[in-house]
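Notes for the one structure printed next.
By letter and in written order, the chains are A, B, C and D; residue numbering begins at 1 in each of them.
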């Protein structure tokens, strides 16, 4: 019996100032199949109004930096991070 | 090779012990320490936050890039997270090479890349408030 | 500042402790180690000989020159003499600065100048004989 | 009563391969007043035939590198050294 997913589940992580603005470090999210990273982020901006515009944010997919146009898959770990500032 | 994100103090000599070998003649070790000032303001302490599951693979990727550019290089890196006091070491990059100029170049390239691509963030507790550092920008912290 | 010529092992962490301070953000430490090969020949060990009464003032002069070029720098240098085995550290130059690029540049300048102007000589015990290294030249040893 | 020195005393030090070639690490030497470093070295080459030509040697006077034309004084420490090779 064929089965058509109506939503896929991703695990969202926020870091640093984005974590503070989202009010959350980790979040489970359902999005429609075919959603891109930019769609995931805009969905989250709808829930957390304090999140900044995408221009000042980078996305990572499964622990690698990724383009905003990348399509997410069920079970992916998605992270949204500000410009990095480690080192000294 | 060794790539660590750790909440405890970093021992630069341990990293040097990882990179040294009988064919190496030169070890360049860079340590970043917490300065007591930034933007003309006095700093009391820092907090570093890491996406550790991603930071360690990103460090390994930098080490692999170094070995592509300087094939004889050996590399070790560590970054500390959590609360750091003035003068404490936040980051160490150690590179060995047969000759000194390549050791300097590879080490410098390593810390430059780390500052661009390893997901770690600095929160600065200063006389004028608490700020997240985002690349070149400074933004007030909320929490 | 600290400038040593010593027959015992060099502890790079001690030199770093001399240069670190609350206004420093970056420490670059260069260590030279004894390689197991030179000129395509295997090396068994080295002897370093110093004109110590002159070598220490020459190191101090290099430190002073670094502080003229990079006024916020702090500098420490040590060179070991006597018999050194493969992998042992012969020289350490450590420089702290507020920012990283100047720390790399000042440290590299320091080791480059040391190799030009500090009266210390290397005698190489290799598979093909024993040689004094004189600048870029290799000359058979007598004694 | 005026006194005209007929010789001044310098302390000579050899290092590294020059030490081996001279067969000596330290040597007391009398030279005429007005002698320059080059004169001191040539005097020593007369005593130690194995010492190399001046071209491959540097002179130091009282623990500073010095020109070959520098005149030595009574009590000076003079050193003759090959090109340095410390570091690594």
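As a working rule, a residue touches a chain if its C-beta (ideal position, glycine included) is under 8 Å from a C-beta of that chain, and two chains touch if they have at least 3 such contacts.
All of these numbers come straight from a predicted model, not from anything done at the bench.
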Chain pair with the higher count of C-beta pairs in contact (A-C, A-B): A-B
Distance between the centres, which are taken as Cα means, of chain B and chain A, whole angstrom: 26
Centre distance in Å when chain A and chain D are each reduced to the mean of their C-alpha atoms: 76
Centre-to-centre distance between chain C and chain A (centres being mean Cα positions), rounded to whole Å: 50
Computed distance of Cα centres, chain C from chain B, in Å: 24
Where chain D touches two or more other chains, by residue: 87-88
Contacts with two or more other chains, residues of chain C listed in rising order: 25-26, 32-35, 100, 111
Contact graph of the chains (line, ring, star, complete, other): other
Full enumeration of touching chain pairs: A-B, A-C, B-C, B-D, C-D
Chain C contact footprint on chain D (complex, rising order): 13, 15-17, 19-21, 56, 60, 63-65, 79, 81-88
Chain C-facing residues of chain A, complex: 87-88
Residues of chain C defined as touching chain B within the complex: 12-13, 16, 20-37, 86-87, 96, 98, 100-101, 103-104, 107-108, 111
Residues of chain B defined as touching chain D within the complex: 25-26, 100
Chain C to chain D touching residues, read off their complex: 32-35, 48-51, 53-55, 57, 79, 90-91, 111, 114-123, 132-137, 139, 141-143
